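I'd like to ask you about the structure that follows.
Chain IDs A, B and C follow the sequence of writing; residue 1 opens each chain.
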Amino acid sequence: MSAAAAIAAAPADPLLSVEGIHTYYGKSHILNGVSLSVGRGEVVGLLGRNGVGKSTTLKAIAGLVRVSQGAVRFDGRAITALPAHRLARLGIGYVPEDRRIFPLLTVMENLRTGLDRHGVSKARKAELVDKLFAFFPRLAERRNQLGGTLSGGEQQMLAIARAMMLEPKIILLDEPTEGLMPRMVSQIREIIAALHADGVAVLLVEQNVPLTLEAGERIYFIEKGEVRHHARAADLRVDDPVIHRYLGV
Amino acid sequence: MDLIDQILIQTINGIVTGMILALVASGLTLIFGIMDVVNFAHGELFMLGAYVGVLTLSATGSFWLAFVAASLVIALLGAAIYLVTLRPLLGRDPLTTILATFGVSLVLQNYALWQFGPAARKIQEPITGHFSLFYLDYPYYRLVIAALAGAIMGGLWLFLKYGTYGIWIRATTQDRVMAQAMGIPVPWVLAGVFAIGSAMAAASGVLYGPTVGVNYAMGIDWVLKAFIVVVVGGMGNLGGSVLAAIFISLLEAYASLWVSPSQAVIVSFVALILTLLFRPTGLFVATPK
Amino acid sequence: MRDRRLLIYWLGFAVVLALLTAAPLVLPEFWRRFLTEILIWGLLAMSSDLLIGYTGMVSFGHSAFFGLGMYGAAAALLTTRPPSLWLALFYGLAAAAAVAAFVAYFSTRLRDIYFAITTLIFSQIFYVIIFTSTNLTGGENGLNFRRPALAIPGLFSIPLTPAALHWFVLAVVAGSYLILRRITQSPFGMVLQSIRENEARTRAIGYPVERYKIVAVMLSGLFAGLAGVLYAIQNQFAAPDFVFFLVSGETVIYNVIGGIGTLVGPLVGAGFFLVLREGFSRFFTEFYLIPLGVIFIAIVIFLPQGLLGFARRWLNR
């Protein structure tokens, strides 16, 4: 598939548009001009080896890492310099690599950090919670348990659920299947599918290639802080030389 | 005059002072636990609260209005101090906050000295009258102080545990970055916490004002004791600082049966040393980490 | 290249020293005395720089060492006839060292904020003890005594006139600076700086970090006590006010203003602060400490490396 054709497959009016962003960590140049886009309701994958800047890309979009050059546009507006808490309110949900649920808050309180927003009626909040607990019955059972006492898989679900409470337009998922049992991996697949069905866009960073190819519509490949390749998931197979090139040892 | 009677009276005195100290110290603990800021200016917020109380009282004649006014005004002052001097220091070594707040405390102390002069002022207690406690006429007001301080701290606890803003504050303490990612306006939470801590100091100042004179240096002793309480109770541990405050005040009250009050403070110093030697994470912390 | 820089450094040092020596001959008495006091406070600030700037331990307890040095000297000058300068030095340093050992033992196992708070509390402990032991220390009123002469019995006796006192203080302070400089540049000093940079790693390499810290506190306390002795001799007066933790706070202020980790910085910081304070007090008679406090806060926020911070590398050659 030619690069031109692949780019042509990118959406015309993207929800999220990252344009040549650079970030630094002290003197280290981490992101070296990353560009990508995610359409409304689209599931996009971001693949690459460890340390190439996948997590940093998500953090930069979420406003948690400062962008020194380049721009990020979301839902029609420039968001590059906005603080993280504003971006969350604008509809960017972020699920970090190590889950990072609030350990001393209960499951319900964790959800409330996303739920308690201005302009959301009590009825709507109840509706959201009910819908969520229907989808995550395990979390419903443990609603009054402290976040820190949950198992790894349950914490991952809670981290995603918490972001969903923001009613986001896009969810940034950073390696959601890391350290999870295979049974939980398929649950993640279901969750992504459910988000997609709800019209929520997903930017998925993963090391798990089969999951990414199955869930995603387009895939970006990152190497050394730059997006080097871009393809449609349908055109890739798990043993594709492209995969080997960007993820192999 | 039995020794038992004296001890019982000192117990009550100790608890009353302890409750005020607890109120002051919990403001300090709140600020330290949530913001990693060691607020040296806390004693001056206490002192300025008392002064605002004096001014409001002489203007309106109402003690309770003075109480509310002091808390609100000093809360605003606290937020202002945070925005001007502490926000620029976010992300730097926490020790710089000691220096900055020390500077603030100097400025505030001298401001008070300049505006109000060195002579002490009096706040009239709202509830006069005594009751018979053994051989003493014990003022009702002292019991009111203890009860109010307890109520305020209880309110704080409830607020932190159940309210939305309480959840915001607790989330910010546990993971500041993810709190932001969840849409919690962390810069405002931090300013708010500092304002609440300041208001608590001010409230203590007004409550305690009637029992001593209000003057520019009254905060110094309190801030020292409050620091001791915070360390002995376990830094960042609200329940611990309340217990430690009462514990230390009781010890001092008993000690003042035998030595002069200015020497009785050594008791709290000794408590600090022993805590640091044997249970450095705090006497009232469940498990030493 | 390095030699040339050293040459410039020593030239600078000599020039400053010459200026300070000439001072009592040209300044009116008030300013002469003021300058001598700057030197003494500067020595106190220098002593705490060893902890703050080189070991990374912010101490709020230096008023204890200073005060005990002062009272130790007082004890010597009040109990022996004729009052002996050397005995005053000895008593003062011994008292300061004892206090430093005591404080070091309890607080060096603590880090950062806890260390700062603990040292502060310790200076208050000593304050209370001194304040309330009225029989021994004169309590609130302090002690008055006569200034001793610079004498070796049987050989010579130089009365410490204002000028002679100034030169004596200058000699002691300059000497202390040179000794402290030598210490910071020695292998011991290097370990201290390594502790400041990364304590865990220093410990992992195998250095007994606690022991180094204790020695650092004691050295720092010794020089602080020395400053106390000098103060006692200059003013013929010892009072508990100097043991109050605010004095420790001011010492830290001098350090921060001047620039920690430079030894000279704190002395400059002391001078800057004291001159400003004197100036402001004439201008804004009532609230003069307020602008000073604001300047300090501004330096903490905007100029954290202090006035001489930019020259830090250079001053440590």
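Here is the rule we go by: a residue touches a chain if its C-beta (ideal position, glycine included) is under 8 Å from a C-beta of that chain, and two chains touch if they have at least 3 such contacts.
Please read all numbers here as calculations on a predicted model, not as lab measurements.
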Path length in steps (a step moves to a chain that is touched) from chain A to chain C: 2
Chain at maximum distance from chain C, centres defined as averaged CA atoms: A
Inter-centroid spacing, chain C versus chain A (mean Cα positions, whole Å): 57
Between chain A and chain B, centroid-to-centroid distance (C-alpha), Å: 44
Distance between the centres, which are taken as Cα means, of chain C and chain B, whole angstrom: 33
Interfacial residue positions of chain B with respect to chain C in the complex: 38, 85, 88-89, 92, 94-96, 98-100, 102-104, 106-107, 110-111, 113-114, 224, 227-228, 231, 235, 260, 262-263, 265-266, 269, 272-273, 276-277, 280
Residue ranges of chain B touching chain A (in the complex, touch as defined): 164, 167-168, 170-171, 174-175, 177-187
Of all residues in chain C, those that touch chain B in their complex: 58, 106-107, 109-110, 112-114, 116-118, 120-122, 124-125, 128-129, 131-132, 245, 249, 252-253, 256, 286-287, 289-290, 292-294, 296-297, 300-301, 304
Chain A to chain B touching residues, read off their complex: 62-64, 83-85, 88-89, 94, 96, 100-105, 109, 112-114, 116-117, 162-163, 166
